[in-house]
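One structure follows; several queries about it will come next.
Letters A, B and C mark the chains in the order given here, with residues in each chain numbered from 1 onward.
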């Protein structure tokens, strides 16, 4: 989807940045949601010291979401990332689900960072996507996270080794439009293949509090 | 940034999203792009002042080219020859709202006797940070894909009407099963998106572009020339 | 009237088959064209319109062009018309989906989601499929007709064989009865045995000859009985030698196949009256190979036969050999002036 070469952080097109797999549909249905209390709290990334927090979502967080998600408020998290000055850099809803042997987190954007309301018309052109991570608790106070690799899936699609619903845009980008059931099958099938995960977005976290 | 603002922003996006139906693929391609310089100029829409210029000669493009050449030693800001062809014949609209300057690309195509516009977002940067190098970007807090909106253009003297496709009508026809077009809908997150190809979109509008049911007053933006 | 009813029934069956086929194609296309599951109203409209452009071409091909497949020139009578009507139908399909359907179905919104090449493929596949179905139907029909023909031919042959078997000369029986009558007047002591032999012979002719095959031993016994009865007529002057070699118990033969030769030899041996005549009969068996050698004197005057029976016995047996033992027999009939030799080699 990248149309212009923007230097550095001017690029707003984030799909497949660092080859991370994003999907139009979630990887869970209402009945799949799982809440693990171990994840709730503040964490520090071992690689770069980034501070993040996971807290249980409250009804006020969810007012903009569908009634189905609202009634499951206690079953998912608000993920927040702050910079050194304590300013919010990123905010996502994080939904935990168990697929096969592993637990996964489905991140969904929770809002934009701005000092005032974003222009509606402009904002309407941005479609939020789901980012998928596998999470493994190494201890009660630490976990590893790995994001599914988009390049691996794209390769499978290009070589016709997989049938999964997707679109290819004019500029050759892949957008995975597979419904939830198809996504779950893919994740379970490739859960033990290391190449299916992106090394760039692997991280370990230790609990702060 | 506090939680209430996040919430307000989320509400804004998601409320508007429910009334706007966009397309994954552009209506206009490099081989079908058309130009009509009547679109260029300074326009007033409600409380907004919108400037529309030809992209290759716009200040936006000049700034972009300068920063690209300075930093990346690349010859073109475009990813491909096709993009270069398309955008060289497109227009950029910019407006300021709440401390942010928004840039949107407008490409035109003639289908039958009607002129249609494809509008896609390009950039939103703080007015007080024109070069915006520190990653203080809109929509960088999450993962998004960009999509395109489509409008029929009608020139009336010193005015342009952007008649956007009525999203509620389209959704209603899709729900009733009267409309056959590639479309994705996620009920859990109320996300929907037209995924038809550019060719199919053009065929669709060539056939139904004159049908008044596709448009309504609420989705029409009338720009008055300043 | 009855034929009319049968024709109507056949026509109804054909119509049902066509309707079923169209429904099947509709169902397959509907599930191919649908965007989501289950199919929406627009999918039904789409599929119906698509079929409406394809079916005329399919039926035109089946009933107008396909019969011309063998016509010459092939290009002008088949290929060009097929290409033209298909191209026209594809054009109509595209116009219908891209333009006309907006007015025909104002409440529905769709376009053609296929390129002209993809549409052509649909047409080609349906034309090929229907052609194959029609040809298979014709093939089954031809097979059935062939089977019926073969059955009829078989029946005809069996009827012919039956008729041929029934052509055994009845004169022998009349003559033998005459001899028996004479013997009864003379109170000949050979009478009971003669009557028994005649009875056995008649039983064989009447009943066992209806079978396709009879034990060879029985056929040889019948030959012997026949010789014995002829001997009565010929008195002591007839020199008959009979040699049977090999085991006839296990073999079977078509009934009344050998009797005509013997009958013929007696006919040729009669010279106004049975004089100094001879018949040498040798039957030898080697496995399932039968060698029948019959030598007899040739009389100066043949037994007078009615014109319509003259030569019928040998012609009869030759025809039976051709029908029953094709390429499995070798018959040599030699007229050597004074002697008449019949040599039949038969694979049983």
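Rule of thumb we're sticking to: a residue touches a chain if its C-beta (ideal position, glycine included) is under 8 Å from a C-beta of that chain, and two chains touch if they have at least 3 such contacts.
Only a predicted model underlies this, so the values are computations on that prediction, with no experimental measurement involved.
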| item | value |
| --- | --- |
| Two chains sharing the most contacts, counting C-beta pairs only | A-B |
| Chain whose Cα centroid lies at the greatest distance from that of chain B | C |
| Length of the line joining the C-alpha centres of chain A and chain C, rounded to whole Å | 79 |
| Distance from the mean Cα position of chain B to that of chain A, given in whole angstrom | 26 |
| Contacts with two or more other chains, residues of chain A listed in rising order | none |
| Interfacial residue positions of chain B with respect to chain A in the complex | 1, 3, 5-17, 20, 22, 24-26, 29, 64, 67-68, 71-72, 74, 76-80, 82-83, 87, 95, 97-100, 102, 104, 119-125, 132-149, 184, 186-191, 193, 195, 198 |
| Sites on chain B touched by chain C in the complex | 173, 176-183, 200, 203-204, 206-208, 211 |
| Partner chain B, residues of chain C touching it in the complex | 35, 40-43, 46, 98-99, 102, 107-113 |
| Chain B contact footprint on chain A (complex, rising order) | 1-10, 12-15, 20, 22, 24-26, 29-30, 60-61, 63-66, 68-69, 87-92, 107-131, 167, 169-171, 175, 177 |
